[in-house]
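Here come two complexes built around chain A, the first alongside chain B, the second alongside chain C.
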Partner chain A sequence: MKIKTSLIAGLALCASPVFAEDVVRVSGWGGDNIVVVNTLLNEVLADELAEAGIRASYEPVEGDFAQNITNALSAGTAPDIFYVDSFWGYPLFASGRIATVSEANQAVADDIIPALNEAFTYNGDLKGIAKDFNTLAVQFNKDIFDDAGVDYLSSDDDWYDFRSKLQAIQAELDDVDGLCVVPDYARFAAFALATGWTPINEDGHTVLDDDFREAFEFYTSLVEEGAGVLAADIGQDWTGGCLGNEYTAVSIEGAWMVGFLRDQAPSMEYDTVHIPRHPGTGERGNLVFTVSWSVAADSDVSESAHKLVELLTSPKAQQWVLESGLALPSREALGDNPYFEQDDREAHMSRVVFEGASDGHVEPFAFGSYGESWKSIMDEALGAVLLNERTVDQAIAEAQASYDRLTGR
Partner chain B sequence: MNLSMHNRERLAGWLFVTPFCVSLFVFFLYALGRTLIFSFQSYDLFNDPVWVGLRNYLSLLTDPLFTLAFRHSMAFAIIVTALQTVLALLLALAANRKVRGQSVFRTIFYFPSILSSAAMTLIFIWVFQRRGIINQGLTWLSAHVGLLLIFCAVVALVMLVLFLNGRRRYDWVRWYDPFHFACALAIALVVAVICAGYGIGVRSVEAVSITWMNTRQVWGPLPRTLWAIVVMNIFTTIPTLMLLYLAGLQSIPDSLYEAAKLEGASPWQRLRFITWPRLMPVTFTVVTLGIIGTLQMFDQVALLGDAAPLQSRITLAFYTYYNAFPPGGTPRIGMASAAALILALVTLVMVLLQRWVGVSETTND
Partner chain C sequence: MTELTAKARAEQAAVRRRQWSAILLMYGVLLSVATILLGTFLFSLLASIKRDPLEQPFRLWFEQIQPTNWVVAWQQGRAGANDAFWGGLAPGGSVVFDVTYAAPVAVGLEEPDIQIPRRRPGTGMAAVVYQDFAADHVADLEIRRIDDERFTAEDADGLMQEWEKATWRIAFRHDGEGPRLERVPLTSAAPREQFLVDATLPPSLMERRGRQASWDNISPGVLGYVLNNYRRVFKESIDLNTGDSLFLSWTRNSFFIALGRVLLTLTLATTAGYALARLKFPGSRALFMLLLLSMMIPVQVTFISNYLVIRDINLLNTPWAVIMVAIVSAQVLIMKQFFQSIPREVEEAALMDGAGYWTTYWHIILPMSKPALITITIMAFQGAWNDFFWPLVLISSPSNAFTLPVGLLSLRNAYGGAGDWSLILAGAFMSTIPVLIMFIVFQRYIVDNPIASGSKE
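Take a look at the complex of A and B:
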């Protein structure tokens, strides 16, 4: 009798929903991200996952994530859902190994900021749903502006207002410079795009036209004009490091500065404004740095994987991410979230960065199938002029020749 | 089943070599074969490979980045191998001298080799910054060049006076007498300190701000960035090569040197006609390891990352990797395979060339 009862109990257990769960393998970065994703999966979304019959297993990757996913997709061992950065996503989208966003999730995609969807669109198909994003904004140290007796930066400033304020600070204070200038397209783009210049045009070519030249001359002359310092000259390699160490009055960075300044300069009185406008067009330029949740095309649990993406990008999940101060939500409607209205410098920086995705000429930080090869040409041109190794004319001519070779123009 | 002793030995032999044979087959022969096939195909890791014949090799020849990487690798290999071989020999000769605290010196000499490549690269990036130690040292030298000349002049003058004075009484006094040298150094140091106190020989100069890493400037056969890696590579490799030379030096019988001394051979003649020929097998090993290591140099270039432009740091090994996994770009496995095979061929030719110029694995006496 006892044996019979045990057998029936066992069969009942086997038939229960616990054993009907789909295990969805999820992969993203390691480090701090492990706690964030696990909390999201095991606490914030625990009820929804149980209801959907999904058990998510997070497989963090330390090291080169892009290379890891590329190899895994090629070998057919990729997890079911994983991060895809817009910067290196193109070859994966082109490979056909990433599933198009499901019909059911199109409604989610409609709620995402359009510039983010654009970053994950390949041949008209959406290949992932943006989980969060960043753009560029200008952070500045209010104490330095006060010491120099210079008006604070404003979101209405154009390039020349911005430059003249930095020049005034540099002229007034001996040991502080205006801005750290870096030979990096990821910062220069804030000026180049404002002119209306397009990095890769409809024909697939890069043309360094007069609009580009205007921005190139403005950016590379900031040091000579007494508005900035070459970051390498003060032992730094990014503008945020210069601001955090109080070497400069401003930085051009994203919302990642919140955490950095909290650790590096907790007592700094700072504020954030939008990228300065182009003096002619009045438009701003900006880059969107974003990462999607994408589904492997050969996933055995495809339906559950798409469902999990829906849950991970749901208003509830994104609200939690936003209120934890971890990242900016990709849902457009969350722009009205009370979090952004707080009288708090961190929340203010987040709001300015959030608004950056929908203000002016905004491009994803992505260069099609060229990737780093495209960006390195631009970085080298910037570096050559900033180090006085080439004139503006020479640098642009050499860069144009390199782009023509790269894009087959 | 009883096996005869002969068969048991044969079986044991096969069992011993099986692991090696398996790894040789899987990681060398199979990998080489696949690389060879890929080099004739267009393959992006995702879609089926497409046979393209020699197109990958022809594309390499017309790719300016490949020719640049090829030039860099050749120049880097020749410069680093030559310098590290000479310096390792000199260091081994110094470490082989019977002096107090010999083991301490050997440990100090060997120390750079135990540091990880990643740590060393990060340290060197810091050292070669525009406001790093190298530029600060150059600024100091530039400001104190007059003082250094005064110091050297005083050393030379004091040694000359002491030598002439000694010669008046003793014929055996040598011009490079260590005691005279120590005295001259002490006097020159006092003079230099006094001069510095009065500002003599010191001038104010602008801080030297040579851009070592993030630059496209070229010095001779290599970009400035790769010269910085030359220094780093030599610094980390010499100690291991020194150990090889040290082992070689200790295997040379003392009787040879004693006989040469009795025949009146000078230290240079002993080095030239005993040490150098006897060390030829070690030199062969050192040069071979040097050529292979320098042609395949990858990690230090990869770790530099955005600290330097690609064109200033690219080598053949990095070019191969860059094509296989272009950051943000589509993998070009065919091009990477073709470049890898050319790198292997170049390495083989370079090793054969060194035998042709007289560096062989047999003692040359």
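Take a look at the complex of A and C:
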């Protein structure tokens, strides 16, 4: 009898469900992303992961992330989930090595800001769910405006209001310039897009029309007009560095300035306003910088990988990301979050940057299959004029010719 | 005769002059090279101590290396945390700090707005490492004006003016219940017409266009004051799961890999070098040519195949993978040439005494090859220690498996974007020390050659 009972008990034990964990390899940037993702996986989402039977391990990539992921996908060693930046994602989407967002996660995608989904859509298929995003805004140092006796910037300013305030500062203060001008489409776009100009039109071509020319002339003349300084001339390479060091009164950057200013200028009295409006259309222009969580098409734990993406973009995870001040959530509904309403300069910057994604002419920071080649033509044209190597006419004509060759126009 | 002597003297003098100029030239060149090399080293050491290593112009005499500040930092650390070396604010500790402002009497002195701010780091792991802030644990904060003085001084326009000077004393203690705090920041803001002329410790930086003086830590302790960047390297690169210092893990990994590489290199280079130098076997010449050819193939050409092999034998993300990819052709060549320079008579004498190849190699040849062995040891160690490519490719996870160069890249990614180069520079400086020590210790063996006295031709 005893033997029989033991046998039954043994069989019952064998028949009980075995909870095996799927190990999902997650990869993203190194640096402070190690902190963000590890905290999300080990603390914020620990219960949900245990419940789903998922063990996630974060593999940060130091160095060139895009190159690393491309190599890993080619060698068959890619992680199950990884970041894909809208800027370089297109060739990966086209290669078929990235899985389309699962049926279950389509519901998650519906809650994401539409402009972000657009950045990861390839041939009608969604190839990743935006984990967070950034847009451009104008940060300004209030002390500099006070010292110069100039009114603070306002979100209602148009290009000319913006420029005249910077001119007034530069005229009044010897040791400060208005804005650091950089030969970078990622900043110039704030003006170019405001005119209604489209970087790549419906035919797949780039046409540098009169709208573009207006913005190009305005931006490249800021130094000459006494409203800015070439960043390289004061040993800087981005507008944020100029503001953080009190070399300039304003910068045009995203919410990444929060962390930078906390360390670089912890006591700076600053505020943030939206990108100035185009004087004619009254619209603003902006770029959306975004990165998705995408799943490798040949992942061995595909189901768990999609589930993990769902958890990483869940309201709980995104709420934590927002409150930590480390990134802006991609869920549209979080726009009403009380965090944004705090009377705090960091929360205010986050709100302005969040609103930037749906205010005026907004384009993703992505150029389809052209990628970096498209941007470098624009950067060269801006640089040539800013360094007085070309006139505006020459630079635009040369850039147009390059774009025609690139896009086969 | 006299004329001849005079001529000879003149010639001797000319020879002496030439000798002296040659000596001076030689020493001049050596001193210049040493100055340039040591100068670079000294500059990087100084920069790694500074709060802002990128400051322009670069100062050689700055706050952290001034002994008067060391004394104050020592006293402040003792008062705040009973720790003169690393300072901070601990239960039972109290801090007193003075700031002195001056302004023309016509303008008048205003009481500065003095705060102990709650400074949350913005980037890197510092954002999670520092969870306790002095601002939350300060008790009995008292600020009072203690000293007034009037004096006459020339202003910027050259006019004599009467000035007023006053000192404010800030005193507080730890509330007694909270944790030991590593840093006690302080800010003091005053109108721009009012100048900070003195303080217990010089401010770390002036903010808000000169309105506000900021101190990162007013109770630093002497080491906390001078070597704060070095402390940050250990504190702000930690394993989030275990709390262990990543920098120490990276250093350990680098040592392990370098040691592994050295042993592998020594084994392969000496055995292969000896075989190629002394053993007669068919194809030895072709093998040697193949070896030379392998030196001409860039690593990148064989990188993918090597990577796939390592992946297939499951060695990715292990130090063994990095040890295994040692390329020793150059070292084999060095050892082969060195073994060939050893007189055959030595080996023949050993053979006569009944020694086999292995005994000759182990007991006779290797002990005689100390200079060459040390040279390739240093080469292998330095190569492995500074290797960036293979560890970057082969070890991607977890963070505590990185080697120092890859770890430093991780620090750069985390802090470089925020312009916080001090911590990165301190880490980079520390990473050079082992190779430096190795050179200093072993350099005399490199030039020492026992063979010269070991054989009589």
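Heads up, the rule we're going with is that the second predicted complex is superposed on the first by the 390 of 409 C-alpha atoms of A that agree within 3 Å, B and C clash if a C-alpha of one lies under 4 Å from a C-alpha of the other, contacts with A are read in each partner's own complex, and residues count from 1 in each chain.
The rule is short, and it goes like this: a residue touches a chain if its C-beta (ideal position, glycine included) is under 8 Å from a C-beta of that chain, and two chains touch if they have at least 3 such contacts.
If you're wondering where the values come from, they're calculated on a predicted model, not measured in any experiment.
After overlaying the two complexes on the shared chain, residue contacts for A:D263 are found with chain C alone; chain B is out of touch. In the superposition on chain A, contact is made by A:I144 with chain C only, not with chain B.
Once the two complexes are laid over each other on the shared chain, residue contacts for A:N38 go to chain C alone; chain B is not touched. By the touch criterion defined above, A:Q106 lies against neither chain B nor chain C after alignment on the C-alpha atoms of chain A. Of the two partner chains, chain B and chain C are each touched by A:G235. Look at A:L73: by the touch rule set out above, it reaches chain B but stays clear of chain C. Legend: residue contacts after superposition of the two complexes on their common chain; A:Y90 is shown touching chain B, with no touch to chain C. Applying the stated touch rule to the two superposed structures, the overlap between the chain B and chain C interfaces on chain A comprises residues 235. Chain C contributes residues 56, 117, 119-125, 127-128, 187, 189, 192, 207-209, 211-212, 214, 240-241, 304, 307-308, 311, 316, 392, 396-399, 402, 406, 409-410, 413-415, 417-420 to its touches with chain A in the complex. Touching chain B in their complex are the following residues of chain A: 66-67, 70-71, 73-74, 87-88, 90-91, 94-97, 183-184, 230, 232-235, 237, 366-367, 369-373, 375-376, 379-380, 383-384, 387, 389, 405. Of all residues in chain B, only 44-47, 64, 129-132, 209, 211, 214-217, 306-307, 309-311, 325-331 touch chain A in the complex they form.
Residue ranges on chain A touching chain C, taken from their complex, read 27, 29-32, 34-35, 38-39, 42, 57-63, 68, 75, 77, 143-144, 147, 235, 241, 244, 246, 256, 258-269, 326.
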